[in-house]
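Just dropping this structure here.
Chain nomenclature is as follows: A, B, C, D and E, assigned in order of appearance, with residue numbering initiated at 1 for each chain independently.
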Amino acid sequence: MPTSVGWVWLVVVLPFLGFLANGLISLVKPQAKSAVSFIGVGVLVAAFAVAVAVVAGLSQDQQGAPYVLTYWSWMTVGGLEIAAALQVDQLSAVMLIVVTGVSALIHVFSVGYMRDDPGYPRYFAFLNLFVFFMVLLVLGASFPVMFVGWEGVGLCSYLLIGFWYLDKVNADAGKKAFLMNRIGDFGFLIAMFLIFQATGSLAFTEVFEAAPEAFTINGEIITLITWALLRGGAGKSAQIPLYTWLPDAMAGPTPVSALIHAATMVTAGVYLVARSNILFAMAPVSSVVVATVGAVTALFAATIALKQWDIKKVLAYSTVSQLGYMFLGVGVGAYAGGIFHLVTHAFFKALLFLGSGSVIFALHRAYHATHSHDDAQDMRNMGGMRKFMPWTFAVMWVATFAIAGIPGLSGFFSKDGILAVAFARGHDHPVFYLLWLMGVIAALLTAFYMTRLMLYTFHGPSRTGEGEQRHLAEAPWVMTGPLVVLALGSIFAGVLNLPHVLPNPGWLEHWLEPVTELSHRYWNEVHLAASTEWLLMAVATAIAVAGMAGAVIMLKPEKLKAAKEAPAETGIQKVLLKKWYVDEIYDALIVRPTVWMSRNVLWKFFDAGVIDGAMVNGSAWTARAVGFVGSAVQTGRLAWYLLVFVIGTLVLLRAVM
Amino acid sequence: MDLLGSALAVSAIIFSLGVAGVLLRRNAIIVFMSIELMLNAVNLSFIALAQQLGPEGQVFVLFVMAVAAAEAVVGLAIIIAIYRHKQTVNLDKINLLSG
Amino acid sequence: MGMAIDVTTPGGFVLALLPELVLTCWMLVLLVAVAWRHRDEGDQQMAGQLALMGLVSTLLVVLWMWVKGAYPETLTGMIALDGFRYATSAIFLIGAILVVMLSLGYLGRERILVPEYYVLVMLAAIGMLFMASGADLIVIFLGLELMSMAIYVLAGIDRRSAFSAEAAVKYFLLGAFASGFFLYGIALLYGATGTTNLTQMHYQIVTLGLETNLMLLAGIGMLLIGFGFKVAAVPFHMWVPDVYDGAPTPITAYMAAAVKAAAFTALIRVLLHALGASDAVWMEIILWLSVITMIVGNLIALAQTHLKRMLAYSSIGHAGYILAALASGSERGAAAFLFYILAYTLMTLGSFAILAAVGTRGERDVRIDDLSGLASRRPWMALAMTVFMLSLLGFPGTAGFIGKWLVLSAVVSADQIVLAVLLVIASMVSAGYYLPVVMAMYMKSAPSEDAHSGSGLIGAARWVVGIAAVLLLLLGVWPNRVLDMAADGAEGLRPAPTRILTD
Amino acid sequence: MTEFLGNIGYNNWVLDALLVIPLVGALAVLSVPAGEAKKVALGVTLVEFLVSVPLWWTFQIGTAAMQFQHAYPWIPGWGIYYRVGIDGISLLMVLLTTLTMPLAVLGSWNYIKDKLCPYYALLLVLTTGMLGVFVALDLFMFYVLWEVMLIPMYFLIGVWGGPRRLYAAIKFFIYTFVGSLLMLVAILAIYYMVGDATGVYSFAYDHLLENIGAVGSWGFWLFGAFALAFAIKVPMFPFHTWLPDAHVEAPTAASVILAGILLKMGTYGFLRFALPFFPSEAMHPTVVTIVVGLAVIGIVYGALVAMVQPDFKKLVAYSSVSHLGFVMLGIWALTQASVAGAIIIMVSHGISTGALFFLAGMLSERRHTREIAAFGGLAKVVPGLAVVLTVVALSSIGLPGTNGFVGEFLVLIGSWGPYPWATAVAATGVIFAAAYLLWALQRIIYNKLDKPENEHLPDLSKREILVLAPLLACILWIGLYPKPLLDRIEASTEHLITTVQEQRASVAPTPGSEEQVP
Amino acid sequence: MLVFNFWFFSGLAIISALLCITRRSPVVSAMWLVVTMFSIAALYIILGAQFIGAIQVLVYAGAIMVLFLFVIMLLNLGRDEPTDLPGWWGHAITFGIGTLLIVELWAVTRIVPAGEVRLPAGTMDRVMEQEGVVGAISSTLFRDFLVPFEITSVLLLAAVVGAVVLAKRRI
């Protein structure tokens, strides 16, 4: 084992130490901001450095087998053995770099973004804690250890969404995120139980090794397991039907949205599916379901993104939509493709969020200066921002091109890779053509709504108030710096996994080979003629261009009115703005009935009424009532006493004889 | 002629009449007299049995008489005592204690 | 082993009757003393102390005989010389001693100036001793009448109280009525077996195969009615609440503890010793009596708001428990009875002593809620009352538990699981009225500043409460010695049929 | 260390000492002035804890035999002995108890303002009672202590409790009394049946266990009696309604003890008595259906009802119903993992729920109300308390890395084999747990700080931190490294499972024909 | 003749008992009770217990009943006052129960003592002849039944003390 791989525990421990230090500061001396920045960012940079070293060590290794580093026995009972162990392999290496790298950048950005917040130390404590759990999720060598990270990131998401806890909306959103995640986790748990029952282990290496013997292809058990895993992944990665928490999660600070709700945590579901690729490969039906869920989510979320006014909501639905792509990718067997999109998405979506954050930051400062209470996130209050924030404007356009799929940028290659595989699978079963088509339409919509976002935000006249405009300014360098780095990533990350028709193709695919090779036994080879591939790329390019052009043509930023003057939406627009009323439907069908039933039926009627009232107190009452009757029988009249006596006598004599 | 069975039967009847008297009457003294009736009935049984079983039965009757005498003394004293409080010996009116 | 007594000799005769004779002598001394001085409270105190001396010395005699292990050299006829007699006699005497101690202050406070009170207490005790020692139905009958006669009068001894007088009337009329049945029962048994001697009766039944003779059965039934009245078994219990309620509190305690104990003693001796061969018949009857007694007593007690009546009904419930022990029909049941009745005597006397301390004028109007806040004003009294209540409830750590445990154990060992279950259900119900007493004392605040200022244990009553509480706790934790004594006391009570036959 | 302990004969007297120290302490507390009572009590409980700690090491891992066992005659004529000993399961319960008691004293420090001496004396007596239940190896002794413990608790609730304390106290008492009296009959019945069969009348656990076959067809009834007593104590749905009342009205320390230790006596009873004595009855398909069904209903039902409670303590009380449902499921699944998980939950529920009650107490000490609606935005005012509350709530939710997860996970994964459907339903409990606790958390420490009374609450005092810190440490320790605990209970659980399985097999010659058990 | 006498006095006893319990006035009731007791005394004699018969007349009909009458007079209960007898349903219940009791007891008395427990026929007569009517009783009383006899003395003492306590004027 290369020495540097052995350092991997540092990647886990460093952020945790940061959390402890910052947490302590937040309780003891919250005003020590510079120490917090130093610790908070420092541990991340260090962790990133170690991560690079670890991956470098791994890349020197030729065997390709995963390294499992066991530290202690966690839960060992009977046949169950769960070790506190980390696993370093090609997949976790990719994730590790992305997570620590993007996190480090976002930490830096946060130094600027959050500097005026009274909860500054707490913020960094939570953020460090998040990285700790995320790294654990990525590195965990078994399902349960991964689950620790899995739930842990959910916890941090909860804490950070509710960071400004004094607002009920924020606290609600945090709670919703946690609960939705928990619903998904339920599936994760069930999957673990099933896996353990079938294979007798929960460690990745052992499970995947045993899988070919333990399961029958397309058998009930494996299908059940993969469905359960899908449920877990859908919760974390905000797929239908558990996606509703993600848009609400935008209530948190914007860097959090960038880190947790765009770049890292929400991709955990994709990671899970990729990690368990052998299981999904053995359950083709589940894979189709995964792909379908992904495609539908991609399309559905994209429609909602079309009409959102809140800049972060647009990005949130965009994230949901892109996650759908990733699911589509891993669902059609393009595990590397899915991971590839995950990586590129991490760059450009983080960039988009941070960029929007920097816009919001500027607007917020302006409103703060004029004591205005307008919504700093509503695009109708923006417009013409390019004048004030040139850097932000530029990098945002880079990211928009990337996500829209303009050729040459990272998003083009990653999205195309997924769609190409989906199309190729159409050869096996026509349903994949449909999925491909949905992906393409979603891409069109993506291009459209992203352009819309850019147009409304940066172009046209400024709809920010007169007084406020004087206060608008570009963000400080600690914020723009990371933006630039991410922009570079958004542009060049595409080279990681170029299509087969280009030179140096499929580096990432090759890199991940040791992890995904098991599943290759169960997936047909994808064959796509070079011409088809070119054709598909052309279609993708056309779609992207069409979407962007359509937006430019159809939308008139100069006619837009500021939020308070804007007319109410109607018809389908309103339905889209209200996100197809899904939240309301959930509320009416599930949340309210559950609470109502719990309160009125279970508690007040059954618990207090039936069990406690009728049975417990009822029996006590009955006994007492009988007692009172008996007491009333004691009339005090001797004649009656004598009568009872004699009747007793008669009965007793009868009984004796 | 064996009168044992008949005597016992007569005894039983008188005993039952005594019980009936106790149930029927509200006057404490008459109730008490009914009880005396019961005791007499039992005595009759003893005497009848003694004829066949030995003199113990007769001795028994002596003791019962002593007891009856003692009871009469105490009982009547008690009845006088309650009469002093209530100016009546009607048992239906002696019901301060109940419940 | 032990001290053989030949009752045919005059010396042996005196020795066999020694406790009764000693007590009678003391009673006569007291009577003379009372006739001589009966003017004021001081005279009454003197009478009480004389009575106390008499009872204590009798107790010593009983214990002496027990320790000596006096046993009959020949068949005794009228007087039993066995552990059961000594054990029960000792318990009655303890009860009587505690009652006298309780009365010393009570009579003065209630201004009941009747020095003959103590004479009657002693007379009742003599009656009880005869009930314990009677080996012949006639002795038992006379003992019962002697005891009852004294108690009739004692119930009505507060001559200024109409309640007291009413209690006396009710008790007397019903008691005399029950005596009629009792006597009829004796007559029938005599008719069926030709004897009234318990041992001979057993012999007759076994040798002549009279186990299911109709006359015998009817006699058993009549006897059970008579005893059922005295032990307050439902449905012959109706007098209990009224009489207990109306009688002066020490006398109520005496009735609840010693009188009932005496009745049970005689009942057990008759049933096990003389009628053991017909146990199939009476066991079932006793079982049913036990069940309805437990249930009715406990349920009605639940509805009581006044402490004295509550205790009265609770004593009915306890009669049910003892009947359950009896329903097992074994020596184990008798041993359970011995322990139980000792514990019961202590806890009943203790709780009535507390009742007497918190109330006045017969304590009829003391509601359970009137004890509110007692714990903060009179902590020791409240503590003692808690011990009594928990013991009555049969809670582990108190003698009441060991007693109930023994009863249950007798019942279970006789394979009457259903009865055991009913017994514990009755106990659960009883928690519903014992606990509120504790609750009132500790968990409710006193209604006013000067509440309980008048209450307090007077003189020797303090000792009664103290001794009872300490003994209950002691016996609850370390019952070994007394358990052995109880087992010893019950041994040989039920003659093995074969042993009699080979005699 | 070990040598030193050996020299002073630690193993021979430790259990006796644990039982005696609190009683002596109680007397001491009663005899000092009121102001000193809490200090003395704290000292006694700390000594108690220190005495108990070496058990952790002197306890021999890997054997299922009872350790530190010895007996003195009590009522030898009846075969009643003072007979004590512990195995892994009792060890954890004993340590949980001794750990909780000093914290309970500290937690009452300012909360209890009057009648101090009796209060602390009762706490100490209660300690003896609880420890006695866990170490007793004589059924008579067990029963006596089981009951005796009711009294201190009854007083603690009734005298120092909230407004409806009288009702709660008597309800608690009678409820428990109902079950235990039937158990008493059952114990006696076993005693006689075994005695009649073997000629040896004894209440010794081992003796009765070995010859339990003598009960024959009575098994079901006897099992029922035991099960009822324990089910009420657990409390299993639907015997749980005493719990919310008792918890709500009890003073903080009593709530903590009630939830932390008393409830465990029910499940402990199942593990120690009901299951080993009546394996074939307990594992009869009908019984299994009922118990597992009720356990699962309890999990979901408790959580749902907890969700809508307006009173924080009541919420926690119902959450106990839910948690203990997991324990019951784990015990009945009877696999290594599930039983070990059940025991871990017993411990960790004691810690987490104990901590929750402490926090509830601290909140109500500050605001004199337990209504969740009366709070809001407290994280701003009392950040320390908010952090602890969050951590504890998360452990109660079962977040991985905390103690709550380990137990629940082991129970669920262990129960999946025998009862997959029940386990699946039970697993939804993790969702509901998050729902009710997070909602409560939100309403207490998050949301607007809109009530002026809440604006100047003091944060955790040093004493309060002292109370909570050990619990937090345990939460993380058990969550991250439960192995020492698992090691200590492994042999006992294994022994339990094998004996139950064996005896079941020997009684019913065709096991598995009626149900599948791995 | 014996049989006739027996049935005559039995009938008299029963009828006078019935009248005793149904007459309104206590005095009349008491008088009928005296009649019953005389009849029973006669039955004693018929049944061979001459001494007891005599005692019955002396103690019961004489002393005890006089005491009753004395108390009735003392409390002035002889005068007319509302009847203490219940209505027809009271009678019905009473006599229903009475009849039931008679039936039950009758059933018992049909089974006379088993032959084995009985003394040989004529034994009692022989004893009476040998020891005299009183002697037969007294030897039993003072030999075998000495203890009960002594108890009786205490019992009577108790009754006296009790009566004194209850009935004396000064409270």
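Keep this in mind: a residue touches a chain if its C-beta (ideal position, glycine included) is under 8 Å from a C-beta of that chain, and two chains touch if they have at least 3 such contacts.
On a predicted model such as this, the values are computed, not experimentally measured, just so you know.
Chains that count as touching both chain D and chain E, per the definition above, are A, C. The minimal number of chain-to-chain contact steps leading from chain C to chain E is 1.
Comparing the CA-atom centres of all chains against that of chain E, the greatest distance is found for A. Of the two chain pairs examined here, A-E and A-C, it is A-C that is joined by more C-beta pairs in contact. The chain with its Cα centre farthest from the Cα centre of chain B is A.
Look at where the CA atoms of chain C average out and do the same for chain D: the two points lie 43 Å apart. One inter-chain figure worth recording: chain B and chain C are separated by 26 Å, centre to centre, where each centre is the mean of the chain's CA atoms. Each chain gets a centre from the mean of its Cα atoms; for chain A and chain B, those two points are 97 Å apart. For the pair chain A and chain D, the distance between C-alpha centroids works out to 38 Å. Touching of two or more other chains is recorded for residues 620, 631, 634, 636, 638, 642-643, 646-647, 649, 653, 657 of chain A.
Residue positions 174 of chain D each touch two or more of the other chains.
Along chain B, residues 8, 15, 18-19, 22-23, 26, 32, 49, 53-54, 56, 63, 67, 70-71, 74, 77-79, 81, 91-92, 94-99 each make contact with two or more other chains. Of all possible chain pairings, those that touch are A-B, A-C, A-D, A-E, B-C, B-E, C-D, C-E. Only residues 2-3, 6-7, 10, 13-14, 17-18, 20-22, 26, 29-30, 33, 36-37, 40, 43-44, 46-49, 51-52, 55-56, 59-60, 63-64, 67-68, 71-72, 74-75, 77, 84-86, 90-91, 93-95, 97-99, 101-102, 105-106, 108-110, 112-113, 117-119, 123-124, 127, 136-137, 140-141, 144-145, 148-149, 152, 155-156, 158-160, 162-163, 166-167 of chain E touch chain B when the two sit together in their complex.
Across the interface of their complex, chain A is touched by residues 93, 97, 100-101, 104, 107-108 of chain E. Contact residues on chain A toward chain B in their complex (touch as defined above): 631-632, 634-639, 642-643, 646.
Remark: chain D residues 171, 174-175, 238, 240-242, 301, 304-305, 307-309, 335-337, 340-341, 377, 379-380, 383-384, 387, 394, 399-401, 405-406, 409-410, 412-414, 416-417, 420, 423-424, 427-428, 430-431, 434-435, 438-439, 442, 445-449, 480-483, 486, 490, 494 touch chain A in the complex. Those residues of chain A that touch chain D in the complex are listed here as 23, 26-27, 72-80, 84, 144, 147-148, 150-152, 155, 158, 162, 165-168, 170-172, 174-175, 178-179, 182-183, 185-186, 189-190, 192-194, 196-197, 594-595, 597-599, 602-603, 607, 611-612, 615-616, 620.
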